[in-house]
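We call the chains A, B, C and D, going by the order they appear; numbering starts again at 1 in every chain.
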Amino acid sequence: MKLHEYQAKEVFADAGIPTPASALATTVDEAVAAAAEVGYPAAVKAQVQVGGRGKAGGIEIVESDVEAREAAEAILGMDLKGYHVDRVLVEEAVDFTNELYVGVTMDRGEGEPVAMVSTRGGVNIEAVAAEEPGAIAREHVDPGFGMHPYQARRAVYDAGVDHEVANNVADVLQTLYELWADKDGADAEVNPLMVTADGEVVAADAVMNIDDDALFRQPDLAELEEQAAEDDLEAKANEYGFDYVRLAGNVGIIGNGAGLVMTTLDLVDHYGGEPANFLDIGGGAQAERVTNALDMVFADDNVDAVVFNIFGGITRGDEVAEGINTALEQFETIPKPVIVRLAGTRSTEGMEILNTDLVQVAETLETAVQAAVTAAEEVDG
Amino acid sequence: MKLHEYQAKEVFADAGIPTPASALATTVDEAVAAAAEVGYPAAVKAQVQVGGRGKAGGIEIVESDVEAREAAEAILGMDLKGYHVDRVLVEEAVDFTNELYVGVTMDRGEGEPVAMVSTRGGVNIEAVAAEEPGAIAREHVDPGFGMHPYQARRAVYDAGVDHEVANNVADVLQTLYELWADKDGADAEVNPLMVTADGEVVAADAVMNIDDDALFRQPDLAELEEQAAEDDLEAKANEYGFDYVRLAGNVGIIGNGAGLVMTTLDLVDHYGGEPANFLDIGGGAQAERVTNALDMVFADDNVDAVVFNIFGGITRGDEVAEGINTALEQFETIPKPVIVRLAGTRSTEGMEILNTDLVQVAETLETAVQAAVTAAEEVDG
Amino acid sequence: MSVLVDSDTRVVVQGVTGGEGKFHTEQMLEYGTNVVAGVVPGRGGQTVAGVPVYDTVHAAAREEDADAAVVFVPPAFAGDACFEALAAPVDLVVTITEGVPTQDMSRVYRKLREVDTHMVGPNCPGVITPGESKLGILPGNIFSAGNVGLVSRSGTLTYQVVDNLTDRGLGQSTAVGIGGDPIIGTDFIDALELFEADPDTHAVVMCGEIGGEDEEEAARFIGEHMDTPVAGFIAGRTAPPGKRMGHAGAIVSGSGTGTAESKITALEDNGVPVGDTPEEVADHVEDLL
Amino acid sequence: MSVLVDSDTRVVVQGVTGGEGKFHTEQMLEYGTNVVAGVVPGRGGQTVAGVPVYDTVHAAAREEDADAAVVFVPPAFAGDACFEALAAPVDLVVTITEGVPTQDMSRVYRKLREVDTHMVGPNCPGVITPGESKLGILPGNIFSAGNVGLVSRSGTLTYQVVDNLTDRGLGQSTAVGIGGDPIIGTDFIDALELFEADPDTHAVVMCGEIGGEDEEEAARFIGEHMDTPVAGFIAGRTAPPGKRMGHAGAIVSGSGTGTAESKITALEDNGVPVGDTPEEVADHVEDLL
């Protein structure tokens, strides 16, 4: 779960990290009033969960009420990399002498958290990491002890931060780590952390992503969650609790287990077709989930044929077959050809149950995919 | 630092450990009103930081306003093992079916915390530990990770706590550990943790001792601190910041460093005298501390002679000598003979500076102690 | 022979009274797994599926000589359940639970490095030595005993590949589903090391997927340290960059690493033939044996 | 030879710009200690007492090849300073600071068990190898080089005993002030082990005091594992039970253990003569050599 910039800044500010004066606005009038309140120059920033907002026209610096109104009118309601902008953060534009980066994330390879500091803030830090890894000081943190204060200091001095602001930056990093740990962070970043002429530091941007698996114990943050799906089908997938990704092709794919579904996609490609989606219905697929999955894939106008591939471990083939029958019986006519392949637990029973008036069956993964590719070509042709 | 029972209960209750309804009273009328409020039967409990209050008459169970008044009149103002009782805790008397013990302390030998549970609560747990160590389940805690929930459960089940209340007891132990860790506890105990007929648990007593060295980061608890010194001299020692213990003999002892002062006591005994006190003025003894130390020992009517033994490491002999001179010059007549022995850093210079009109000097620890014992005998005789 | 589990493995099931825990305990018993105890705090003294229940893993290990644990407890308590198993101690912990908070696993992983216990998972289908013992939720009927080791990040994909192997008469020594979470107890290299040391494993299949660097590192390990031949499969060739596909492992970062291509190249560079389809993987294994 | 420190020991002083830190750095340099760096965050690049200052111990260890650290930082920061020294890493940390919260030391102690570094203290006078190097606040002038090892829980009592030894011409190989806090890095047994392994230590003096069980355990260690003869001293024979005398170690519990009598008996039972006075300790050492 990604927090919006304004949400992350509120969390950071509550923990004591300095942030600019700011206010959220959902209308142009609110935005102008907010700009007047925080004072000029002010920044008007689109609140969408996507990188590169500035270059895409989502951030404007304004010097007057007139400019604030123009910027708010331009940004509110705009489509920014596929996301609709329905709110802006209006904040004090900080006068800075330097831009730093501080961040905390989980190093998967090491299995432990890592805290990072760089004097190369204000830019794409991934690019810095790739091109000049030495420009980022890293401290791996023992998750038993948490980050020792000396580690925050060491990262800051190793990164070459000026002595005048080193203590302030170390404090921000320590606080950021503690937030990350307390709030089940996936990533927590300040980029840039601006250094002002009088040696203060201010978090000019804020990123805070929360581990979805830990939201159950972060009720305050879970409340903030909101759908930021790119389109209606992805919104529907969220509602149904599916892992779903929409793609460009015309072969609809439903399966259980991420690896097997990805493999099905790969086989569609391998046999000359183009996958229309990734849809993992997960383990223990009951009739309702099967119905929902078919509903989703049928609703995608791009889909010309569907391959339904279930390998039963926990999932029982007979239950899936019943689900498919029940789901399809609701349709007067089946909108797109469906090829079903069941394997594993109770798959023989399942294959026997399947209503072959409604679906085509296949014995193996390979033949199922080939049949779906062929069917899609026929429809498409 | 020891919290009073009522203070510890407030801390425990704030953290979610069930405690009986209660109110603090400093007058008889308040006590009667409090008893009426919590309901009868009620317990009237002297708030002094000493064990065995019950046997000493410091706890009474009362059934009516009349009994509450009698108990409060008897307990308020009483002298309980040398402590003056100026407040009582009046609380609901809990009807129990079982008394358990739960506690957390630092195991010095292992260098890590230990959590303990026993079904032998309500009695002197030290005696249980000595006579039947198996009756106390122990869990050593990794101070990096803190106490894992499974450890609380394991301690509770290993102790043989009934299944019906095991979860509740495990919760109390977990909370107690977290309090102990968060608040820099030295010891945290609930004895007894009462089990009621309906399977609830209630902390009928509460012990919370705080690590004095950590009070700087426990401002809320440091505020609670109050002098509970047994007598005026010990109160004065607290004021001066000395480690001081009053003893029964007539040879006053001042020195630097606990081990050396204890050794000086031992030598007084060895040479046939009796130590009047332990007084460690610590390192870096300046004139003011020397003056204060002499003031304290002179103020003890039991003292007939004083041995002043300083071995300089950080402490400089010349500074100590000046301190002694300055301190003694304030007296018109020196009230008791003072034998001084200086060794270590700048001791030669110190010995030269000493005003031998006011003090007697000795070259070695042994001769200094012997001289003091002799002087005390002469005065005493 | 085999790795991690065999018919002597004495298993305790944590969370044995839950829906999944109970169902799969019955399935494991039916398969022949030596399930000697279950653990649920407060349920000690009861019996589930004919197996005695204890309040703590410690007591189960002590009373029933259990040396392996399978964790079915809900995600919020799974980290603690792993710590409990490690402290019992047992030699192997297989954590089936899906959705365990990553920071909990980071703490468990820290502890794992200090102890001798192996851990597999979380979010994994488990470990099976066909004909001897299975710990987890793998469908026993698709496996057959033999000499092919299998290690995989994915559940149902594993079943697919095993199905193809079994169809050809290529039985398995042991199959290890390591799980797709960001932090796992046993990674590819750990499993490959075990297979390399097992004289009865004559070839190994490694099923990877997009995301992370583990397959690349495993490829280097194979090149440098393994004599046993390995065949590979990588899922996610057609996954677009930046999209999260299912579990945490299946995401392609924007840069050049973590892609199917980089993984396939790394494997092939280290002498590992990679199949385009599960069927082709079985072909490669036949060639290698 | 000697234990823990010698003239090759390269020392970094943490908290070198504080009052005590600066004074004792000068004292150490004057004694001949090879102090190569100081550390104070934010003061890197400065010089104190002729010694270069770094922002981190890591940088000091890297740039100046420091292999030992002396900690003079205030109690609130001392635990962190110990962790910093352990991570640098250095081979020896001597923590002088008094009043470090016990829970902080418990965490440091946990870390100590995982690393190869020795730690002495906290709340200790330090370590000295006479004529070579001293790390801490011990008054160098009372020591003389020789073959008697000394280990003590107490500061000024150590000086007293050393004074008596030096007076008789009984020089010291190394003196280790282990400190009287509840949790310390090096205990009696650790120090005795080092002395036993040192061919140039021909006898050892062990100064204990009332409280805890360490002296009793050390006595058993001596009886079972030491060929080098040991003489003992125990302070607090006249201390009444239940009274806290000075630092945390000096408290007698109500029961039979932790008393001077139990410690003296344990030592004597293991062949360690115990002096009634510091003077008598020197007598015993003369007899043992």
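Here is the rule we use: contacts are C-beta pairs under 8 Å (C-beta built on N, C-alpha and C of every residue); 3 or more make two chains touch, one makes a residue touch a chain.
Note that the coordinates shown come from a computational prediction; the quantities given were computed from them, not determined experimentally.
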Looking at A-D and B-D, which one has the bigger number of contacting C-beta pairs?
B-D
Calculate how many whole Å lie between the centre of subunit B and the centre of subunit C, each centre taken as the average of the chain's C-alpha atoms.
55
Give, as an integer number of Å, the spacing between the C-alpha centres of subunit C and subunit A.
27
Could you say which residues in subunit B touch two or more other chains, in rising order?
142, 144-145
Expected list for subunit C, residues touching two or more other chains, is 107, 111
Based on the touch definition given at the start, go ahead and assign the chain network to line, ring, star, complete or other.
other
Please list each pair of chains that are touching.
A-B, A-C, A-D, B-C, B-D
Contacts from subunit C onto subunit A in the complex sit at residues 20, 75-76, 99-107, 109-111, 125, 137-139, 141-142, 152-160, 163, 180, 182-183, 207, 209-210, 212-214, 233, 235-240, 243-247, 249-250, 254-255, 276-279
In the complex of these two chains, what residues of subunit D are touching subunit A?
41-42, 44-45, 55-59, 77, 80-81, 83-84, 87, 107, 111
Mind listing the subunit A positions that touch subunit B in their complex?
142, 144-145
Within their complex, subunit B touches subunit C through residues 145, 148-151, 153-154, 157-158, 163, 166-167, 170
Touching residues of subunit B toward subunit D in the complex: what are they?
106, 108-109, 111-113, 126, 130, 142-144, 181, 184, 186, 211, 213-214, 216-217, 243, 245, 247, 255-263, 265-270, 275, 278, 280, 283, 311-314, 343-345, 364-366
